[in-house]
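First the structure, in the form of structure tokens, and then the observations on it.
Each chain gets a letter, A, B and C, in the order it is written, and its residues are counted from 1.
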């Protein structure tokens, strides 16, 4: 386990409202890029018209894709932004739980999602810097706390 | 997609502990009203003795009600407060995931919930102003970022 | 319902990255103890190699244990730290939703969890003091807002 202080009190929070048809990963990542986000966390609720979840398979070291091609409630969107090692741009890592008309819940790594009717996201931006680095053991890009300010 | 900065560093956070029998939506809304909350976000965990979930049906443009009349764990309560267009009072929008004795998870829009044995909620209050406005397309009240400070 | 202001703007946030094999409750509690955490909240996402969920049974007044001995995505980890009445050390109260390869979701009170490949946790530390006290009615330790600063 490793830890890094992200702030004393110079954090900024933002509300982001996504509109019908917005692609959540693209929109949030573009927003973070435009705003110079280098480290942030987020939570959100709303709805998706369709969503693709992922499950990281420990054997294949790849994501199983779980497409859901119907309306769901976004019950819990939780994630963070850190800087990609190669592009030096903010990269979103988010997981989501979605709900169905009978209340059934499913969830996974958020690969893609099309918003409807809204998605209300709160992003808390830190003045610090978080970087992701390729981890050869897993094939994932993991947060590397030894780098940056 | 639209975005609005909610704070630099003048946010206040509060812990709210709900007691057995408390109705979660009423109690949180009354608290927010008494404290002059105009924009806030929240997370919470605990338990419900009973809860009514909602699923917003895109065809009927109304909430399907999903009553759950038994004890559940509140696994993830995520929401926000914004000002209602008509009443000018804070309105809670929250989604919840609840858990059953075998670990099964269900969830939806939080319509009502009766607490037992506790509900621990952290509210982060912003100095800014968020307003909801009736959206004729969906019939929902959505956050309108073009209004307020 | 009772409420307590946790901060104006002297909160500190931290990112904690757990490594493969780390036991989540032990690691987070030790970190909080070392950092003198007296009140905090947290959210997290990542994965578990195995996890033990709990459901607090209102009749037996004890936790039903739900062991899950396989890889899951950590979809939503939400919790808080408050001081234990007896040990005067920070005690973690967290709930979690986990996801399976087909997107199925389960969840409960977090009793124990072994991380793989990572767990990214954001802890927001408050300058205030929260204490848990044994509640004879339920047998649980609940946050007591009448104590502390």
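Basically, a contact is a pair of C-beta atoms (placed from the backbone, for glycine too) under 8 Å apart; a residue touches a chain by one contact, two chains touch by 3 or more.
Note that this is a predicted model, so its numbers are computed, not measured.
Trainee: How many degrees of rotation map subunit A onto its copy subunit B on CA atoms, rounded to the nearest 5?
Mentor: 120
Trainee: Please decide if copies subunit A and subunit C contact each other with the same set of residue positions, more than half shared, or with different positions, and reply same or different.
Mentor: Different: fewer than half of the residue numbers at the subunit A-subunit C interface appear in both copies.
Trainee: Nearest whole angstrom, what separates the Cα centre of subunit A from the Cα centre of subunit C?
Mentor: One centre to the other, that is 21 Å.
Trainee: Got the subunit A residues that touch at least 2 other chains?
Mentor: Residues 9, 11, 43, 76, 78, 97, 105 of subunit A touch two or more partner chains.
Trainee: If we count contacts the way the header does, which residues on subunit C are in touch with subunit A in the complex?
Mentor: Against subunit A, the touching part of subunit C is residues 9-20, 22, 27, 31, 43-45, 47, 49, 71, 73-78, 97, 99-105, 116-118, 120, 122.
Trainee: What part of subunit B is in contact with subunit A in the complex they form?
Mentor: Against subunit A, the touching part of subunit B is residues 1-9, 11, 39, 41, 43, 53, 55-58, 64, 66, 68, 76, 78-80, 93-97, 105-109, 124, 126, 130, 135, 137-138, 140, 142-143, 145.
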